[in-house]
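We call the chains A, B and C, going by the order they appear; numbering starts again at 1 in every chain.
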Amino acid sequence: MLGRKLKDRLFTAFCIASTAFALIPLGSVLYTILAKGLSVISLEFLTELPAPAGQPGGGFGNAIQGSFIVVGIASLIGIPLGITAGMYLAEFPNSRLSRAVSFTADVLTGVPSIITGIFAYMLVVLKFGGFSALAGGVALATMMIPFIVRTTEEAMKLVPWELREASLALGAPRWRTTLQVVLSTARFGIITGVLLTMARIAGETAPLLFTAFSNRFWFDGVMQPVATLPVMIYTYAISPFEDWHAQAWGGALVLVAMILALNIGIRLVAGRRWQ
Amino acid sequence: MKSKIEVRGLNAGFGSTHVLKNISIAIPENRVTAIIGPSGCGKSTFVRCLNRIHELVPNAWVKGEVLLDGKNIYSQEADPVDIRRRVGMVFQKPNPFPAMSIFDNIAYGARIHGMKDIPKIVERSLRKAALWDEVKHRLKDSPASLSGGQQQRLCIARALAVEPEVVLFDEPCSALDPVATAKIEELILELRENYTIVIVTHNMQQAARIADYTAFFLMGELIEYGETAQIFENPRDKRTEDYITGRFG
Amino acid sequence: MRTRVSLSPFLKGVSSDTVFQFLLACLAVLSVLVLAALLLRELIIGAMPALSAFGLEFLFSTEWNPVVGEFGALPFIYGTIVSSLLALLIGVPLSLGIAVFLAEIAPARLRDLLSPVIELLAAIPSVIIGLWGIFVLAPFVREHIAPVLMEYLGFLPLFKGPAYGYSVLTAGIVLAIMITPIVSSVSREALLAVPRLQKEGALALGATRFEAITGVVLPYARGAIFGAVMLGLGRAIGETMAVTMVIGNSPQIFTSLLHPGYTMAAVIANEFTEATDDLYLAALIEIGLVLFAISMVVNIIARAITWRYLRVPGGS
């Protein structure tokens, strides 16, 4: 009997320890980012171009700008395509085509991010002869679309069929029902899904390494390479310069702050709404 | 009549809901005691307090004493795990463990308690549950291949395997057809010789058929308790009479 | 209910409902099926020069010497497999412990508080985990974990020194950290879905909580948990940045986990822009094709399993 009680206690202890253990890296990462990054943040850091290698000072201004632009391009491509596909899956779920699209989208969410970079490289960089913000946007859009399809589908499926039937029974055609009734009812869930996906791709580095590449200067046009926050952090982190390491932490703080703020904000608002 | 279980001033509920109000009752050894009453009167909660399963639900609370062979099962020294071995339970919906074979379902309890000679225990339990002949050639099969009535008898065999002293039945036949029900009632009558049985039922005819003693619960209170014949033929309380004659419930 | 669209003789008699469904279907096909097909196509086209030059032995050759035109993918396949398995070895028990704690042991309020916190770990970008890996984890492994392993287990070829901070072990730890959120949250959902009747049935037989959970609840949920582990594996295989920042990027196969390694995703990330000739680039893209194939197989199995047992929320 004693042995059984002991096993029970040990097991409980293991489970509690696992949970505490998982919180350690989380705490360590957040702590280190704050400890090492806070001192780097300044108006100069947020608004200036990077200084030449070896010279102190400078900032990540162009990287922050570039991230917004590339995420923007990706969103312009990815959001319309993702939402319409998600709409199709939610409104017409019973065909073979629908099931094929749903399963493919689900599987595509697991594509390694570096592969989307190769894809955009072949499609855009090779065709137009150089790295570009457009290529970066295409790579990120390829990542976005499957996620937005799934979240849109789910948000719209939450709308009960009775609502659609009510609209159809009034004589409204299917397209009006979907666009004016279902879409607007589900808009909150759809927007949440879109924002969460945008936050996710904003932190992606691999797809941009050989598409948007990098740039020491401000954004110069959609067909030119552009600096982005994640790539800049990576480049500076693996460099041999100490002050570049420090700036990498500063960049990390900015990136994490933006992403976490977005995530927490969405969850708080969503949580209250679903009360 | 020797009491196996003595309940004194039992109060129980969930959060602010007070389900059982001051129940005091003595359950006789080696007899069948039926708990009857309309839905929501606290019958299930009552038996679940007898093997300390009630307290596992979030927000559940219990006050009062339940004496098993004279010792309070709710005292600080009492071990709920041991109580549950001594007081077994068969649930309303058959719940065989799907990830195990028929054999392993029965062996599970025996193995946990370190009992020896498992195959013999399994055969003995299945015989006691009147299921041996039907499954002896397919002990490795999944319990999903059994009918509802067979699954319930499997659960009874599983409960018997750990050699309890009391077996609680919480509406064991409500999910079963009349033929399966008859088999289980027959089984309960056989078990009475060696075990103390408490059975919750909403079926008065069932209580009349198999129970030696019957307790009538209404809205969390014990209204009347006595020999089954007396309860059904000569109820002392008007509420009991109303329930039995079908005026409500 | 259906309005007739009479735009032209061609469209006469077609209802707006049908047009709507058709248009949406086209867009859906374009966004998903065409995208997937295009992705596969471009990978194959890009890899073609290497595919035709090296054939099947590409997958088994260990020589990665771009300077002299020798390309073998085995070191990267090996590194991916070893680091991913290590991630599972460390991460799965941890994740199950968390899942059991949150689903079975912790009070509901604590569960609701801690679950999103753990999932927060998944929201941190890979490059930042990698940054932390370089400056915090790798030194920690080199100074505190590796010496201990070498001292007690150094007789095994797995733990032969010298200890590098940038190693397969460090990569395995980083990957374990990164897959824990998804494996633990899907497992937690699986455990919460086990009917209460099953757990009560075990406890009513006099089982301790440990016996009820390990004997009945976990086996009941084992299908969905296996799916969760596969999802974690898929994630580990495709992970790029955090791995390349801590694994040492050395295209050699060492038996010791304390030595550097290389994965398929990492070599592509590192050398793609350095690839000086077409064959080099094609070889890298072929590695990408192999990576794509392996991770797609794992993901398809994972999704098929979790679809059967649980509905997995949109790609999370």
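One rule holds for everything that comes next: a contact is a pair of C-beta atoms (placed from the backbone, for glycine too) under 8 Å apart; a residue touches a chain by one contact, two chains touch by 3 or more.
The shown structure was predicted, so the numbers you read here are calculated from the model rather than taken from an experiment.
**Student:** Among the chains, which has its CA centre at the largest distance from chain C's?
**Tutor:** Farthest by centroid: B.
**Student:** By C-alpha centroids, what is the most central chain here?
**Tutor:** Chain nearest the overall C-alpha centroid, as shown: C.
**Student:** Express in whole angstrom the distance between the two chain centres, defined as the mean CA positions of chain A and chain C.
**Tutor:** Centre-to-centre distance between chain A and chain C: 17 Å.
**Student:** Calculate how many whole Å lie between the centre of chain A and the centre of chain B, each centre taken as the average of the chain's C-alpha atoms.
**Tutor:** Once rounded, the distance between the two centres reads 55 Å.
**Student:** Report the inter-centroid distance (CA atoms only) between chain B and chain C in whole Å.
**Tutor:** 48
**Student:** Of all the residues in chain A, which ones touch at least 2 other chains?
**Tutor:** Residues 4.
**Student:** Mark out which residues of chain B touch at least two other chains, giving numbers and ranges.
**Tutor:** If we look for residues of chain B contacting two or more partner chains, we find 81-82, 112.
**Student:** Could you check chain C for residues that touch two or more other chains and list them?
**Tutor:** 208, 211
**Student:** What residues on chain C touch chain A, complex-wise?
**Tutor:** Against chain A, the touching part of chain C is residues 1-3, 15-17, 20-21, 24-25, 27-33, 35-36, 38-39, 42-43, 45-46, 93-98, 100-102, 105, 114, 116-118, 120-121, 123-132, 134-136, 177, 180, 184, 208-211, 213-214, 231, 234-235, 237-241, 245, 265, 268-269, 272-273, 285, 288, 291-292, 295-296, 298-300, 302-303, 307, 312-315.
**Student:** In their complex, what parts of chain B are in touch with chain C?
**Tutor:** 51, 53, 56, 58, 81-86, 88-89, 91, 93, 95, 97-100, 108-109, 112-113, 155, 158-159, 162
**Student:** In the complex formed with chain C, which residues of chain A make contact?
**Tutor:** Residue positions touching the partner: 4-5, 7-8, 11-12, 14-19, 21-23, 25-26, 28-29, 32-33, 36, 81-82, 84-85, 87-89, 91-92, 97-98, 100-101, 103-119, 121-123, 142, 145-147, 149-151, 153-154, 168, 171, 173-175, 178, 193, 199-200, 203-206, 209-210, 213, 230, 233-234, 237-238, 245, 248-249, 252, 255-256, 259-260, 263, 267.
**Student:** Applying the document's contact rule, which stretches of chain C touch chain B when the two form their complex?
**Tutor:** 107-108, 195, 197-198, 200-208, 211, 215-216, 219-220, 222
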